[in-house]
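The first chain written gets the first letter, and so on, giving A, B, C, D and E; residue counts start at 1 in each chain.
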Amino acid sequence: MAALSHREGAGDPPAPSRVLTRREVWLRQQRRRAALIAASSMTAVLLAVVLIVPRTPGWPTVKKTFFNGARFRQDFPDLLGYLWTDVKLFLTCVPFILIWGVALAMMRNIRNPALFPLRAFAAAYTDLFRGIPVILTIYLVGFGIPALGLKGEFHLLWFGGRWNSAYLWGPVALILAYSAYVAEVFRSGIEGIHESQRAGARSLGLTQTQTMRHVVLPQAARRVVPPLMNDMLSLQKDVALLSLLGVYELFRRAQVIKDRTFNYTPYVVAAVIFLILTIPETRLVDWYSARHRRRTGGSQVA
Amino acid sequence: MAALSHREGAGDPPAPSRVLTRREVWLRQQRRRAALIAASSMTAVLLAVVLIVPRTPGWPTVKKTFFNGARFRQDFPDLLGYLWTDVKLFLTCVPFILIWGVALAMMRNIRNPALFPLRAFAAAYTDLFRGIPVILTIYLVGFGIPALGLKGEFHLLWFGGRWNSAYLWGPVALILAYSAYVAEVFRSGIEGIHESQRAGARSLGLTQTQTMRHVVLPQAARRVVPPLMNDMLSLQKDVALLSLLGVYELFRRAQVIKDRTFNYTPYVVAAVIFLILTIPETRLVDWYSARHRRRTGGSQVA
Amino acid sequence: MNGATPKVEIRNLRKSFGTKAHRRTVLHDICLDIGEHEVVCLIGASGSGKSTMLRCINMLEPVDDGEIWLHGTGGAVDLAEPGLDPDPIRRRIGMVFQSYNLFPHMSVLRNITLAPMKVLGRSAGDAKATAMHLLQRLGLADKADAYPDQLSGGQQQRVAIVRALAMQPELMLLDEITAALDPVLVGEVLNVVREMRNDGMTMVLATHEMGFAREIADLVCFLQDGVILESAPPAQLFTEPQHAETRDFLARVIASGRL
Amino acid sequence: MNGATPKVEIRNLRKSFGTKAHRRTVLHDICLDIGEHEVVCLIGASGSGKSTMLRCINMLEPVDDGEIWLHGTGGAVDLAEPGLDPDPIRRRIGMVFQSYNLFPHMSVLRNITLAPMKVLGRSAGDAKATAMHLLQRLGLADKADAYPDQLSGGQQQRVAIVRALAMQPELMLLDEITAALDPVLVGEVLNVVREMRNDGMTMVLATHEMGFAREIADLVCFLQDGVILESAPPAQLFTEPQHAETRDFLARVIASGRL
Amino acid sequence: GDDESTTTTQAPATDAPSTDAPSTDAPSGDAAACAEGKTLEAGMLTIATGDPAYPPYVIDDDPASGQGFEAALAMAVAAQMGFEGDAVSWVRTGFDEAIAPGEKTFDFNLQQYSINAERQQVVTFSDPYYSAPQAAIASADSTLQISTIADLKSLNIGVAAGTTSIDLVENVIQPDSQVQIFNSNADANAALVNGQIDILVVDLPTALYLSAAEFDNAKVIGQFPASAGSEAEPWGMLFAKDNPLVECVNMALANLTASGELATITDTWMGEYTEAPEISMG
């Protein structure tokens, strides 16, 4: 049998303007095909929607009550004016939720048998606050605690007021509830890191905390980005629940307009505003994760 | 220097009634200490609550409106009677959500460049339905689609009725929304499985589907149990949102009682019922995951 | 030695890693014929591209350019052809990875029987019997119900070998399959490889154990920086290397007492 | 050879795995003295307990019973004492794992400099200089910015070695550190190990390379089924083994051409 | 979470005539002197209503204008207590904000809250100022022929949350399929238009308002007779529990009754909202 071996230079051959390889040609074809499929299926779906929906008997009503152009133009700037309240509430809650959530996740991961009570506490906490509907937590904390008749003032970032303010207990309720969800997300991430990573870190003399901070959590956090985004997106919308406590925000505003006009267009407007807010977020996070994976990862199986 | 080696039998020494080793003594001590800490901290917290809370000026009111014994006894069986509606709705949605969620997650994981449109579709879908508040999805689907004026009947498990029924479009709205969340949870699980696992499976001749089914998904599913439970618990409570469409279920019932009596005890009852339902679930799932980890895992780092 | 008909013909294989901006070619225009029922050993420094070459043959890495013809029942296919369905090919090719790639959620037995059952359609009983026989042979019968994370390094490696063997492929790609094994087991694996060859299997091995290569190979290829510098039967390559670089490598191997 | 003062004294070490119902003891009443500045090699069949023993010395596995005395600045500590804080101990002990355990989210350089910076408080510049020097020495300078998953097996193993070396521990535990290396690199690692010993480090190596053990060890321990059957300087153990089992193992090693 | 009702609360069914004055023997006196120093903010009366507030109770969702039954009544009461013009401030509350225990953001709240014993344990009500019968509406193109309550039994019936219409449906009509409760009149109306419910039960003034030209998609089927009134629960103004201001408001109401001003306001705003065919008990 024959065995051949060529050597055309040890370094990389310079290739300023070369003929495409078979693979490159194929990749181009595939991309073109993909574009074609995408375009044609999009067109088909759009056509179907555009042709069928207006033929349904109720379309004029739906158009008037859900996709009312005049209302849209009027409500969009109106509702936008209330967005800042949601954003402020959201931004107030997020850091507390993340910190407390990570802390709870780490408590559940404690292995020292003497610290079992901490672990049990964290488990009980997550069970409790995931078990109770968020809305009930908001009711119980947001109406129950102020009803105790506390006196005084509070100041928290951009919010301030009396001790029974909805701007205090509302965020507290959300933090209590969402930290339980976020804790479980982080726990799944932490438990997903192979034990050998801990062994590697601890063998180098890193303490338990350093191991968490530099080795386990960074890997865990990256893995749980999608479910964490789930919770952040839910939170962004659940701040609207604080309207129960009297916070007047975007969603409440939409509701008021709807109840006044019997027209659902403000809800569509609210949905559009939320989408304008969230889609760039999710795209950015996705892009960032994909880039990190590409940079640090090995080869992908074809 | 000296080196010693004893051999006291190649097999395991039988140890029917032996003296405790140092480690066993220590473990016992630690457990006793843990129990002590747990007991004392619990007592301290309980004492604090029991002593402080009743001294607040508003406690009598809070007790009467949130923790009203007479109402509790009356509302508990009443509300329990409405639980079955929630459970039915939940059980109807879950299989669809899981199947559609996994399917979406797998679409996002497609690597064939020609199938890029599917991937883009799945990404757009999750972006859309995570971006819109669930409640808006329910409004838009639950009131919007029936408004198109469809005629006919439907039958789905235990539900049946007219084509504009809340029992049809309500679950559809929840499935649309929650499958987006669940898809992202599964995606994080799938992406967390190291590429070498795929390589191992594909090299054995397993197809893409078989690799997913037997190698990737089982590992992914186990890792994402906590965030998946998050979503299942949220769903269990969000079926209450279908009351917006007129479904008369537990939470709505609690509201009706509250609205009639201005007393929040029915909400506390609802919370208790949800906890009775969910805590055994979470404990069971946790126990099962821990057992699996113990059975298949290597040693844990001390 | 034998094998006038080639099993695999590699022609001008080129493979690179990295992004457009930072591209590093790790296999340069590799040409190699692997005869039917032959054992070909790839030797060379760490990082010279041995594993990458095996992965390319198994279609696990898309190649940049070149051809890899696999001959067998039903004619020849070019594994480097983009868009080729890999599944029917891969069931004819077995692979043992340098990092084992066992499935941690399955017991040893299930790791081994999964593919025979799902891909070849073997019955559970059949698959188990084959698996237990092979496990027995490599001294692992008592670990059938253990999980990969509960095994020692050498035990994991043996499970990986058994998993690939259980598929009874035409062509076997073996990446450093003796690295974690004790010398006694290395001898046993050597025997297994010999038997497989006699049963008609073709094999490509990447190995650092020159002794192993010398004993078993029909052809030894010396890789350096992604280039096959020299390939010859072991008797020739180890005693009269043609290339200055090969001589140098072997000299340093001998100097460090490893040949 | 030398080392009248022991660095590590292992007394009646016992270690088992599994649940109460399915308990398997993998180390039986191990007794061993490791002299200061000595190199002790653990040899034995795959699964005999070498890695487990190293992990016990590094407090990564809780031991069932026995004592492991570590001598050094500030007296002796018993590593087997339950509840002992492992952190100050572990920074005195380095370990290279059989499976490397590199951190996949960090570049090679960061893998190496993390512990010197966080544990020893080295400056970034210092840590980087040490790391680059060691990487250079093992032929990896151009991989400093790569990530573990982008490295070949042997490259990963070298990074693991460098990571442990960069901590300059008193005691080094090395688990099969040459398994994935080519013979030339094995020679280089041998040199590094020799230098480290001359610099005063104590080392325990688990290895399957008898040649390696013979060249470098002050003491070779032969493990079988979790028992140290025999321990002696290599000259003695490899030529006049006392135990029938040792003789048998060595005979089979020789028969398979691996000594 | 649930999207809690923020709607106006509807009135209970009752056969009490709309002219029924507060049945109180509270002494008429100087309500202004009484209110001195008892309001949330000195010199200022804070009145709450729903968001939005519907006609005929508040016209154009603008209570400060004093247009609409409750708006006009509240302004008259305020005037009695010495608060005129800028001294009256209107706020909006959701249902829960209004009823939750603890401090309130208003002196009193009126949005058709019906008085019952249980509620009175948590909040304090003024003397009643009105009560309205319940009525049923159907979508404009409905062909339903309803003459007796028995005709309703087989229908899908909807109500709005926070109303006592629920009691009427559950206790008197007792329909075959479960009552459907919606968060607001708007949602219930949408369900009615979609055919998800056949009829909607609300208080008669609201029913007449909903069937008015503005939305043009509902018509009144009929009002329920007095004998169907599950419990006659007239409407009162809502105060924080044991708020001393209630005395003064009651005093003002008594004065307004005595002077006939209450009857005038009622006639002005509610006069055209009392006419509808009656559904017989069958």
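One rule holds in what follows: a contact is a pair of C-beta atoms (placed from the backbone, for glycine too) under 8 Å apart; a residue touches a chain by one contact, two chains touch by 3 or more.
The structure displayed is predicted, hence computed values, not measured ones.
Minimum number of contact steps separating subunit C from subunit E: 2. Chains touching both subunit B and subunit E: A.
At the interface between subunit C and subunit D, two copies of one sequence, more than half of the residue numbers in use appear on both sides, so the contact is built from largely the same positions.
With each centre defined as the average position of its C-alpha atoms, the distance from subunit D to subunit E rounds to 83 Å. Centroids built from CA atoms put subunit E at 42 Å from subunit A. Subunit A and subunit D have Cα centroids separated by 45 Å. The residues of subunit C that reach two or more other chains are 17, 55, 60, 86, 99, 149-150, listed in rising order.
Residues of subunit E in contact with at least two other chains: 1-4, 100-102, 190, 193-194.
Within subunit A, the positions touching two or more other chains are listed as 27, 30, 58, 61, 65, 133-135, 139, 143, 146-147, 149, 195-196, 199, 202, 264, 297-299, 301-302. Working note: touching chain pairs come out as A-B, A-C, A-D, A-E, B-C, B-D, B-E, C-D. By the touch criterion stated above, subunit A contacts subunit D in their complex at residues 196-197, 199-208, 210, 214-215, 218-219, 222, 295-298. By the touch criterion stated above, subunit A contacts subunit E in their complex at residues 58, 61, 65, 133-135, 138-139, 143, 146-147, 149, 164, 238, 241, 243-246, 252, 255-256, 258-262, 264. Those residues of subunit A that touch subunit C in the shared complex are 1-10, 12-13, 21-23, 26-27, 30, 195, 294, 299, 301-302. Residues 55, 58, 60, 86-87, 90-95, 97, 99-105, 114-115, 118-120, 147, 149-150, 163-164, 167 of subunit C touch subunit B in their complex.
Subunit D makes touch with subunit C in their complex at residues 17, 43-47, 50-52, 98-99, 139, 150-155, 158, 175-176, 179-188, 190, 208, 210-211, 215, 249, 252-253, 255-259.
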